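Look at the two complexes coming up: chain A is in both, with chain B in one and chain C in the other.
What follows is the complex of A and B.
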């Protein structure tokens, strides 16, 4: 399940991913950052409740980055568990995102 | 010490000859063992002097050179001295040849051992050189030729390449997922557009239905108008037919779009499967690879070090062998000492042969003169003998071949 929350000043968008972040979440995830969101908004992915991810999550994150026109390191990923951290390390996602 | 021993047993005439001969043998063997001809010479001289002095104890000039002289009746002593010298003659005749033979055997044994040791050391040098070559070949074989660093082994390259392969694999996985998700997103967008199309088709159907109803109303109105409305009734009928066809077409479009939607759903699932690769294997592979590379690195370093040490050891063996071969010159020394001792034995034998005629005639004075001459000659020759065994060391630096 995905929850997205835009801060009151419309400047920070926090997307929380709960459970297993895989292909089944594609629609929900795209919805979380679509709509009339300002391109300059600061995006934070909160993985506090993310149990695991597979490669489709990586694709979704890259698509989001491209879709929002963000540079490497602009989107922040926080609170990831050890396994998720390992995936980000071996895929060098820690260079594309602020993990 | 030997001198004291001789002096202490000198009083017992029966044992004189045995003692004299034993002394000669001890002196020669100790001289051979210690390489010191002085010992031989000293003992022989003392023994000779002692033997003469016991026979001629009545002569004052000889008394001066001997510490302990016993004065006995001259005739008795002369008889005993002659007897003693005859024993010496007999013993020298019977014992000297086997002794010389033993010296020859000793020479042969030492020489054989020397030759075998030489061969053995040469073999060792050869084996060591082969081992050294082999080590160099192993190093050459394992060396990474594409690297500038001459100590770099092919394992390093292997580790690098394996890492690169895994890296490429991960990159590929990410890239495939990225593109698949993009495709899936487009499929989802298309599904949404199709849903919009359904809504439009619904509206088209509504229009067709309304047109149908309108045509029906028009037909009713045309019937009321009677003959005048007959033409209009035909038109209304045509319109109703068109509306029905339109509705039918709409249904067909709806069905086809439904099929497309199903197809899109399948496509979406397929693309989803392509996008969804488990990352667990990649993580494990990475961990395993890390471990493996670290082990390979350790082995590589150990191998490089060991091979270096091994070639060092081979060189050290060659040096040691060279030193050992140098030290084998003891064989030459032993042979020469042997020769020297043998010469002494020959001289001794000759000396005894020389006095034998006089001994047989019982001319003690003559015998003593011959012995004295022989001893004087030996004393004059002394420096040469000393020089002959100047070296008792086989050290590389001060080997002095004679």
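What follows is the complex of A and C.
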């Protein structure tokens, strides 16, 4: 399940991901950052309830980065568990996102 | 009507007889007699009379000495003593009253005067008894109150000890807890990193208000230890308080989370005065107003758990206060108010809490110090995780070998999420508990590769941008809906000797051997095999890519 919250001043978008982050969440995930959102918004992905992540989800993250026109390290990923951290390390995602 | 016992003291039998006869005729009176002063003292002890008529001149012990003895014995209890005497000299009467007597009648006396004096003194005695009784009830109640206050204080001290009050992050002022005013402050650091603060104000005072804080503390500390989001904590506290509290009671509160990196603050705020956010140069960065009703009023379905999020910098500060600060009044009932608070905060660069307290004292002036307020300062810094990385349980091996097979049909692929179900099932086995996350990663990789590429033949379809992604998704749905006769079989085998898990996935599709390895970090896809080979001891395709066997070391 994915929840997204835009702060009242429209400056921060927090996307929380619950469960296994994979292809089955594609639609939900894209919805979370589409719509009426300013490109300058700071994006934070909260993974406190993310059990694990697979490679298609990594693709989805990159896709988001691209479509919002964000630089490497601009999108922040917080509260990762050990497993998720491991996958980010293996795939060098910690260079593209601030984990 | 009360039954009163009257002690008649006289050494002359005819006198005693006369008075006794007179009083025995009055309804509700009974008479006992004593023959001299000494006898009077012992009769007082034995008979516990309600009133004493005392002669003055008697052998052995005269009436005055006897009166003094009896009054001493009675202590706080009022035992009226009326002298019946032939003495008329003023000095003698004065001496009689000095010795402790309450009144006198002179012989020969008018029976009606004597009876009305007795009646009046008995009424005073009744009042006195009631007073003593009330006093003793009051003192019991007071003891209970002191006991309750001790309990409240004990509870809050324990909760404060649980709180993480490192000065680096938290500075605060709180009213003394012995007469609980309804203000609550708990701070907790999550083992997963991040600092949580709950500051609030219960309606009411004393034990009733303190009762509500018990579930709040329990929920708060428990949920923070699991690193749960502020909105969920607010929702759970509301759920419990709504069930428990009477409708007239509720809990205004601010919940805050400072994240692990110390650069994001999340706030849920209901029914509390404004909070202030100040930068390192003392500049005002924001005012946080309540956007919700207090906790404990709304049903679950009406409760709004939305939070505000602030992107903060190192050493930014947040100031939270109870309504005791802004509503503090002068003698003329002028309130301190938000603006004064705001001004004091921005015009000082350090020790702002003390400054506010000083200003408040000056402002209130002669008004009695009514220290009924709470002030908290949160400083933003990194809050690293304190939980040690889970280490393998030493010496604990799981020795039973087992094998598990799962076969999926086309409709399973269409309608279910086998990755989640299998991860849950495998993760619940003792040997695999700690590997649940990694197993979910592996299953997710191999299942989607098999389904998308071998079964649905989507491997030639590009997905390099938004549109292609979306086309891919549509095509996938189409093919999945038309799917018939496909099968994907999983086989899991646990090898206790080598402490390894073998995972085999076999399908009846066209086979798939993986993409060519990715060349740069920007590729949107193709990382699956990299992840698999990094996490597993061994990964082996066979049967033209229709079977993949993974060896994962626990």
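By definition in this document, the second predicted complex is superposed on the first by the 99 of 99 C-alpha atoms of A that agree within 3 Å, B and C clash if a C-alpha of one lies under 4 Å from a C-alpha of the other, contacts with A are read in each partner's own complex, and residues count from 1 in each chain.
One rule holds for everything that comes next: a residue touches a chain if its C-beta (ideal position, glycine included) is under 8 Å from a C-beta of that chain, and two chains touch if they have at least 3 such contacts.
All values reported here derive from a predicted model rather than from experimental measurement.
The superposed arrangement places chain B and chain C in clashing positions on chain A.
Contacts of A:95 after superposition on the shared chain: chain C is touched, whereas chain B is not. When the two complexes are overlaid on their common chain A, residue A:10 makes contact with neither chain B nor chain C. Contacts of A:86 after superposition on the shared chain: both chain B and chain C are touched. Residue contacts after overlaying the shared chain place A:27 against chain B and chain C alike. Of the two partner chains placed around the shared chain by superposition, chain B and chain C are both touched by A:53. Once the complexes are superposed on chain A, the part of chain B occupying the same space as chain C corresponds, among 205-213, 259-267, 295-303 or 313-321, to 259-267.
Shared contact residues on chain A (touching chain B in one structure, chain C in the other): 22-24, 26-27, 53-56, 58-59, 62-63, 83, 86-87, 90-92. Taken together, the chain A residues at the contact with chain B in this complex read 22-24, 26-27, 30, 53-56, 58-60, 62-63, 83, 86-87, 90-93. Residues 170-171, 173-174, 176-182, 184-185, 188, 272-273, 275-279, 282-283, 286 of chain B are the ones touching chain A in the complex. Chain contact summary for the complex, chain C toward chain A: residues 192-194, 227-229, 259-261, 264, 266, 291, 306-311, 389-390, 417, 419-420, 423, 436-438, 440-441, 444-445, 448, 452, 463, 465-466, 469, 473, 521-522, 524-528, 530-531, 534-535.
Partner chain C is touched in their complex by these residues of chain A: 5, 7-8, 11-12, 14, 16, 19-20, 22-24, 26-27, 42, 44, 46, 48, 51-56, 58-59, 62-63, 66-67, 76, 78-79, 81-84, 86-87, 90-92, 95-96.
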